[in-house]
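In what follows, subunit A forms one complex with subunit B and a second complex with subunit C.
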Partner chain A sequence: MQDPMTPRRFRIARTLRETKDIFTWELRAEDGGEFAFSPGQYNMVYIYGIGEVPVSISGDAADRRKLLHTTRAVGAVTEAMRALKKGDMAGVRGPFGSVWPLDKLEGKDIVLVAGGVGLPPLRPAVYHILRNRAKYGRCTLLCGARTPQDIAFAQELERWRGRLDFDVHVTVDSAGPDWRGNVGVVTTLVSRAVFTPEKTAALVCGPEIMMRFAAAELANRGVREDSMYITLERNMKCGIGLCGHCQLGPVFICKDGPVFNYGMIKQWFLKREI
Partner chain B sequence: MNGESSGYSALTPAQFGALVAALRQAGYAVAGPRVADGEFVFGDVSSSAGLAAGYADEQKPGRYLLSKSAKSAALFGVVNGQHSWKKYLFSQQETLWRARGSSGGFSVEQEPCRPAKSAFLGVRPCDIAAIRVQDAVFTGGACADTYYKTRRENALIIAANCTRASGNCFCDSMGSGPRARAGFDLAFTEVAENGAHYFVFEAATAAGKQLLSKCGAPAASAAQTRKADALIESARAAMTKKLDAKNIKALLYRNYENPRWEQTAKRCLACANCTMVCPTCFCSTMEDQTSLDGAQASRARRADSCFTLDFSWIHGGGSVRPAASSRYRQWMTHKLATWHDQFGTSGCVGCGRCITWCPVGIDITEEAAAIAEAEAD
Partner chain C sequence: MKTLEQILAEHRFFRDMPPEYLRLAAGCAANKRFEAGQLLCREGSDADYFYVISRGSAAIEIFAPGRGPITIQSLGEGDMAGYSWLIPPYKYRLDVRAVEPVLAVAFDGKCLREKCEANPALGYDFLKRVTQVVIARLGATRLQLLDIYGKNLF
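Up next, the complex of A and B:
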């Protein structure tokens, strides 16, 4: 068995430029094997000679031959990732972490709220819901980006929007005159979504401040805090609860998270500098 | 054990020397307390003559004084020093894997971990408790740490019960000493007084029993075990520092906001000494290295500390704990409160090292009391 500290080799089969700084990789295991994961999980992605960072899995869990990561280039490792091309190799440790509890949420209305690069970690949940559409009630995706040019998965969002059984609302913080969509932060979309609060679960992923406001808006509309799930980010070095970096009070984000029940994690999430 | 009901053996210093020799003969690398360059350290022990005979320590907040007395024959007179056994089990720097780059990509090979059989000689009860705490951290979860686990499985533990307490010890409060109750192969109490010098031994495992049988020691007399017990009790009685272990978790969980954090942060240098000397602190970072020609890369794990700003650095947000008070709060709350929820045990065993090796003498027991007091106000 592979030691969880040692990377497994994957090769880039395809790269996709989503926006000017967000890109998607489709990876295949060099050993020819499959990659099984559940929506919400992440990998530690290693770039030879550069370093390793946590990145959520953005693909479809039903397709075990491909591993997808969608990353925003922001610093040393993620910039190096962006520079890699089809045929290049990357190391992967994972999958690690907790999952969106999609089985538990069957029968409920689902509201997914994504801010910026928060959409990729939610995409596997969307795939799961759409594949098992009859098992869920009303489903809505609320999606925010800085500008129209920063919207990741734009074509896919269009496709999803075309479905009658999936409500998709997109907004941007600011836009030029040719943008005909919504302008405003993503939390303002919460009031637009149609759902029955007492049987609604929310999956929220984005910057911490956005998740705080989203949770408040959802609570305003009557969604219970223990029916909300958020993902958290912290510095991570190991991914398996051994390096100590990702602690938030009593939890390790790497193994107890990154997906947390909001009602449970709220008391830690809302504390300053913890 | 030799059919004796007490189960204790009494070893003379010569028989103790024979035990060390038997360990080495059985293929163990023996590590134990030594004095090197004026410092009390754990190091290789080739014979009992290499131990810290005649030395004793004096500890106060921010102070450590090692002295040698010609009158004392004790081999284990020093309570502890800045080293802990974690240096053997959780290496402060170790390579995890190596990679080779080529035009077609790279290959990765896990660094083999084949530790020698080792014997830790003279492990204090609090340090045994600390090893058990690290066992829970590194091997108790879903993903065990291969490197720690392999070393641990190859370590034999010979406990030294405490007959002296340092000025900073509070193991009695933490329930970890001054007598070792479990977690050892062999345990002894050294008696070196009024010209008498012997070691009262007990064996807890088959390996321990077998070793003990090799040094030809007779059963301890009732007087000898009584004396050993009395010395342990005197160490307990001599402990001046106390911590309310029963209530500390709830206290700290209630006091994330307490003026004391700010006050202590004004003294704290965020030097990370406390985490480096603490026998339970386990945090590490990863360091990737690449050869100049790019043909080889490797990853090493290096001990890290929650007192650094880098520790919690994230892109776009900087350090999660920019204020020194937040980092100090993380340290103390982790040791005494959140650790319980993470690993089902306290992260502090009361060894006193963090108090001694803090350059400004911040005292975890005093801080705990001050927080309780500030809350009561």
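Up next, the complex of A and C:
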């Protein structure tokens, strides 16, 4: 087994510009091997000479030949990532962390709520659900972004929207006159979505404020808190529960998370003193 | 065919409303259709009607001189438009425009106001429902203002 502290070398096979500050890498292992992961997991991505950051895996778990990461450039490491080109190298440690409990949710209606760069960590869950569509009830993706130009995976969303067995609603916080779609924060879509609350599970990923309000809206509709799952982000270093950097109350986000059951994590998530 | 009361009872806005109130509300209501581009409410004009959208989508807009209408929030099935009917001075504060053809239940605001004045329990029931809509819109607007996807609030 690979030492979890030693990065594996990956080469960038393709880069895709999703929005002005979000980009996707398609990576191939230099050793020619495969990469296995489960939806919800992340890697520690190491940029030689700059630093290492946690980034969720945004590709299809069924395709082990390529590893996809979708990242928003916000600071030193992620800006350096954006500057890299096809053929450049990065180090990868992982996959780490907990997963969206998709097997456990079979038979339920699924509502996925994504805000901003919260969609990439949910995309592997969407791939899984669509591949196993008959195993789930009604499935809905509610997706929010700042403006129409900030919508990641726009073409893919359009394709998904064309499916009769998957409801996709996209909204933006603000838009110019040529935008024909929805305007308003993503939480406003919750009240309009069609699902049976008692048999619904929600997977929520985005900025913490958005997740808090989305959870409140879902609870308002009658979805149980222990049927909601959210992802948490904190500064990370080791990724394997050794350094304590990512501790939140009794849990380490790196290994107990990033995906948490909302009913379980709520008291720590909402605690202000931490 | 369903009666207007039955249609209302299925709307989110009227959820769990006592049947006698539904009957009073239905007495001031009629189905109405708007084509894409038509205004349901116009800023500054008398708030004579409010609408509960049955089908289609609309947009709450502010008109900016030199720029045209700016969409503040979209409305869809089950949403309510025109809450100014219950709140003095009974003037619409914003435009609401059909983005695609809208089928709505239109309520005569004056008719319903009179019933609310005469029957404070009915008035209080409506006030609570309208306030929920106002609070939800205010909450959504606050989140919009926060710019939650910005770099300082992850």
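Following the convention adopted for this analysis, the second predicted complex is superposed on the first by the 272 of 274 C-alpha atoms of A that agree within 3 Å, B and C clash if a C-alpha of one lies under 4 Å from a C-alpha of the other, contacts with A are read in each partner's own complex, and residues count from 1 in each chain.
FYI, contacts are C-beta pairs under 8 Å (C-beta built on N, C-alpha and C of every residue); 3 or more make two chains touch, one makes a residue touch a chain.
Model, not experiment: these values are computed from the prediction.
Q: Which chain, subunit B or subunit C, ends up touching more residues of subunit A in the combined arrangement?
A: B
Q: A:N182 contacts which: subunit B (first), subunit C (second), both, neither?
A: A:N182 sits against subunit C, while subunit B stays out of touch.
Q: Of the partners subunit B and subunit C, which touch A:R234 in the superposed model: first, second, both, neither?
A: A:R234 contacts subunit B only, not subunit C.
Q: Just checking: does A:D173 make contact with subunit B only, subunit C only, both, or neither of them? Give me first, second, both or neither.
A: second
Q: Is A:S191 touching the first partner subunit B, the second partner subunit C, both, or neither of them?
A: In the superposition, A:S191 contacts subunit C only.
Q: By the touch definition at the top of the document, which applies to A:T140: first (subunit B), second (subunit C), both, or neither?
A: neither
Q: Thinking of the overlay built on chain A, is A:S98 touched by subunit B (first), by subunit C (second), by both, or by neither?
A: neither
Q: So, A:C243: does it touch subunit B (first), subunit C (second), both, or neither?
A: first
Q: Classify the contacts of A:M210 with the two partner chains as first (subunit B alone), second (subunit C alone), both, or neither.
A: The second partner, subunit C, only.
Q: Considering only the touch criterion stated at the top, classify A:G115 as touching first (subunit B), second (subunit C), both, or neither.
A: The answer is second: A:G115 touches subunit C but not subunit B.
Q: Which residues of subunit A are in contact with subunit B in one complex and with subunit C in the other?
A: 74, 207-208, 233
Q: Enumerate the contact residues on subunit A facing subunit B in the complex.
A: Within the complex, subunit A touches subunit B at residues 3-7, 9, 11, 30, 48-52, 74-75, 88-89, 91, 207-208, 233-235, 237-238, 240-245, 247, 249-250, 252, 255, 271-274.
Q: Help me check something: in the complex, which residues belonging to subunit B touch subunit A?
A: 96-97, 99, 101, 104-108, 110, 137-138, 141-143, 145-146, 256, 282-286, 288, 290, 294, 297, 299, 301, 304, 306, 311-317, 320-323, 326, 330, 333-334, 337-338, 341-342
Q: Under the touch definition given earlier, write down the residues of subunit A that touch subunit C in their complex.
A: That would be residues 74, 115-117, 144-146, 150, 171, 173-175, 177, 179-185, 187-188, 191-192, 206-210, 213, 233 of subunit A.
Q: Subunit A touches which residues of subunit C in the complex?
A: Within the complex, subunit C contacts subunit A at residues 12, 57, 59, 67-74, 76-79, 99, 136, 139-140, 143-144, 146-151, 153-154.
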